[in-house]
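What follows is chain A paired twice: with chain B in the first complex and chain C in the second.
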Partner chain A sequence: MIEIKNLTKKYGAFTALDGISLIVKKGDIFGFLGHNGAGKTTTTNMLTTLLEPTGGSATIAGFDIVSQSMDVRRNIGYVPENVQLYDTLTAYENLEFFAQLSGISHPRDAIGETLEFLQATSFAHKKIGELSKGMRQRIGLAQAIIHKPAVLFLDEPSAGLDPTGIIQLREIIIRLNKEEGTTIFMNSHLLVEVAKTCTAIGVLNHGKLVYTDTLANTLKRFKNEDSLEKIYFSINGDADNKPRN
Partner chain B sequence: MVMPIINQGIRLANKDLKLLMKENTFIIILLIFLLMSLASMYISWSSQHMVLQVYGEASKQLMEVGKPLPPYPFASTPPLSIMKNMIIYIVLIGALLAITLGHFIAVNDRRAGVIRILFSKSFSKEDFFIGKILASTEMLFAALLSSMIIYAVSMALISGMPPSLFLGIIAFYAVSFVYLAGFAYIGIFFGLNADNSSKAILLPLILWIIITFALPEFGSALYPTSSLNPVLPDTSVLDSPILKAFHSIAYPLSISEQYKEATATVLGLQTTGTNMPPYPQGSRMLILFAWFFGTLGLSYHAVRNFDAAQGDDYE
Partner chain C sequence: MPPREMIMNRIAIIAKKEFKEITRSQILIYMLALLAILTVSSLTVSFFVFNGQVNEYQQSLDMLRQLGKEPTAPPPQLYPLNLLRGVVDHIEIVGAIIGLLLGYISISKERNTDALKLLLTRPVTKKEVAYGKILGNSLFILVLMSIVGITAALSIYFIGGIALSSAELLKVLLFIIFSTMYIALFFMISFFLSLHQRTISHALILSFIVWLIVVLVIPQIGDTMDPDNQVQGGLFKSMNIDKPLEKQIMGKFSGYESMREFIEQLSVTKNYERIIFALFGIKSTYNGVPLLAILGDNIGNILLLILYVLLGFTADYVLLLRNKNYLGG
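And now, the complex of A and B:
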């Protein structure tokens, strides 16, 4: 579903992303891990067509992120970190606007269905500025899935959420993956969440992909480590080595 | 499903209009335009009314003593001279409102932090440009139309309003639209280019000061206070070769002077301008159109170079 080949991003002399190659299979929930500044958001920005790569290529649902960017956009949904929406518009009005931009001409039914799926119908007519962080996150997610994309990108989806919000979000992500078959690409710092949600992981360090495999294989490979946190630090201590997989 | 490009632009413009209405920004701008029109109309009418009262009194007294009556004071005054204050209100207040409008329309998505979401949809930079231009044009058009209706109704009540006068009013507002749209596009340009709200609003204001006060001073040796007159006084820039050289460069760039001269001609007012060879009316309109399309091009350039990945970084 996502194929990345030697993807590179340079800003002058600084290399933000150093030739990463990666495959995310259809139906995967892929957890993209790394320290701050490792290049996770740069990767997501390129895959969501917001940023052009300096080198390499990537396809999403078979479409090239540079030459077929509009086709890519029709097949993805994106929830940026600390998702924000138009505060003075209601949740419904925000969703109506983004649904129309996503190609849904008469979005009423799609909005109703999406809000129901996210259990957010009760605050549809509240202004975004009046919603809690968790509710806002759900509306942010709603705008990303309203057109039933093949791939959903989530950038630090749990950031700023309280424990209840984190649990609810996790359940939604898993349901979305199981019920709708959506492939999910998720940047995260929260290793516990990644362990509970993802089916595959990749670890990025200083712009290099230092590890990628399924979560099951990873747990088998690092059977002496008792948590993903320890596995992560074990992998990431080896920053400049080649990918192990 | 491929959607026509214009639809996405219209959707963005509709959202911008909805936001400006909800935040009361448009209502405030509209009210200021309406107050400005009423004030301009009242000031012109009351000053004429006062002169006519004095004239009436004087005529009565002169008739009583059998002396000849002086000519009617407004015999050679064009009927649309009642709108002359509006010229300067447009230059001073209208341009600032247009900058504010363009600024709000440009930055509302950035302030909301939704730029990355917008550009992850099947939504191009051309859609974004069309949406922003449509929204600012519609708002400006609505404000000027309201002001025009006030003038047309008032003129109809005062003087019966022959159709030729109505055409003059329409021409005045059409020229004003071209002038103000340029400022709205400047507001959009800086709103998209600046990384914070202080720069985004201060830079176009500095440009407005240069256009409204500095260029007329260099271009026609006008003192800043002279710029506040709707019709330019005579100046003597030819006396100095240096000022003459400045004039030839700065005068065409002095958009506010071009606007004042063009609208004064449209309203049938006497345009004295500078004592340099007069510019034909056509060239003034060409300069105003160059301003309109130049600023439109600038805002397109701002959209083309806008970094969608960093677009939400705005304070």
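And now, the complex of A and C:
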């Protein structure tokens, strides 16, 4: 579903992403891990066509992120960290705007269905500026899935949410993956959440992909470590010496 | 390549969203209220001034008649559109600021948040985003100027008791169109700077510097260089020099006059002012002149106004397309 080959992003002399290669299979919930500044958001920005790579290539649902960016956009949904929509518009109006831009022929039906799926109908007619962080996050998610994308990108989706919000979001992600078959690519710092949600992981370190495998294989491989947190530090601790999978 | 209808549809969707957002922005609603109040108040003041002139004339007339003399000065003539001078001044200054704020808000609300990221991950091109934003904001400016035009016409009727003729209403319509173009240009200047500058607050400061130069400094230099402005009521008039002689004298300063003309034409405000002053007969030589003749006489200023608007549009368009990493500014 996502195929990345030698993807590179440089800003002058600084290399933000150093030739990463990766495959995310259809139906996976892929957890993309790494320290701050490791290059996770840069990767997501390129995969969502917001940034152009300086080298390498990537395809999403078979479409090239540079030469077929419009087709890629039709197949993806994106929820950035601290999602902020248009504050003066209501949640419904925001969704209507994104639904219409996505070319949905019956926006009203799609909005109703999405709001119901996310249990967000009760605050649909409130202005975004009046919503709590958790509610805004749900509307942010709603705009990303309203057109039923093949791939959903989530950048630190749990950031700033309270424990209830985190649990609700986790349930939504899993339901979305199971019921709609959506492939999910998720940047996260919360390793506990990744362990509970993801089916595969990748670890970035200073712009380099130092590890990638399914979660099941990872747990088997690092069976002496009792948590993903310890596994993560084990991978990242001597990242330069670890072979790439 | 998507069909033309789909592209037009997406532009319309973005324009509609922009329009809806502006109408809910409190700061712009206050601006609109301010402009409406300024329109009514400046018209009221103009009527009082005109009534004062009429009363003064009537008193002089009575006095002359008591002395057994006949008046030689003609009575003050009322050209209702002349009374809109204050409104034109307000649009030159406040209207330009509204344009700047619209451009700034249009970009900053998305650049300061992740809404821009969401927008650019939808199947929409930067070209469509630019067209949609410019269209939505221009429509708002058109509505704003229509409100000002209608308020002015109604104020003339209700305060002065004068119904505008169809020819005068046509001039008000042209005023709405030219004013929309004028304010839209300031929107595009601010839009350009907000896209171009890495820090959005710098864009706002730069926009106000441009406003200061274009709206206040350049026209002021032009006015200061005008010899006829050196004495209140006009230098030549105070010296009892008639128009042909004035032209003869000024002919000897053609280089100086060309320079002054060039400086004034650099300011879109001066071009706009000349067009509207001619249309409304605020420049008295245009009172009673047919509309086509007025437009023909000011075709240079009209073309320059259009050229400035087109340049603003092209600059925005090219910058948005060239800026591959629009996110970073």
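Throughout what follows, the second predicted complex is superposed on the first by the 240 of 245 C-alpha atoms of A that agree within 3 Å, B and C clash if a C-alpha of one lies under 4 Å from a C-alpha of the other, contacts with A are read in each partner's own complex, and residues count from 1 in each chain.
Convention: a residue touches a chain if its C-beta (ideal position, glycine included) is under 8 Å from a C-beta of that chain, and two chains touch if they have at least 3 such contacts.
Bear in mind that the values here come from a model prediction, so they are computed numbers and not experimental data.
Taken together through their common chain A, the two structures put chain B and chain C in a clash. Residue contacts after overlaying the shared chain place A:Y78 against chain B and chain C alike.
When the two structures are aligned on the shared chain, A:N45 is found in touch with chain B and with chain C.
In the superposition on chain A, contact is made by A:F98 with both chain B and chain C.
In the superposition on chain A, no contact is made by A:D213 with either chain B or chain C. Legend: residue contacts after superposition of the two complexes on their common chain; A:L89 is shown touching both chain B and chain C. In the superposition on chain A, A:M70 makes contact with both chain B and chain C. In the superposed model, A:E3 makes contact with neither chain B nor chain C.
Chain A residues in contact with chain B (one complex) as well as with chain C (other complex) are 45, 48-51, 70, 73-74, 76-78, 80, 82-89, 93, 97-98, 100-103, 140, 143-144. The part of chain A that touches chain C in the complex is made up of residues 45, 48-52, 70, 73-74, 76-78, 80-89, 93, 97-98, 100-103, 140, 143-144.
Looking at the complex, you find that chain C touches chain A at residues 2, 6, 9-10, 13-14, 17, 20-21, 24-25, 109, 113-115, 117-125, 324-325, 327. Those residues of chain B whose C-beta lies close enough to touch chain A in the complex are 1, 3, 8, 11-12, 15, 18-19, 22-23, 108, 112-114, 116-124, 308-309, 312. Chain A contributes residues 45, 48-51, 70, 73-74, 76-80, 82-89, 93, 97-98, 100-103, 140, 143-144, 153 to its touches with chain B in the complex.
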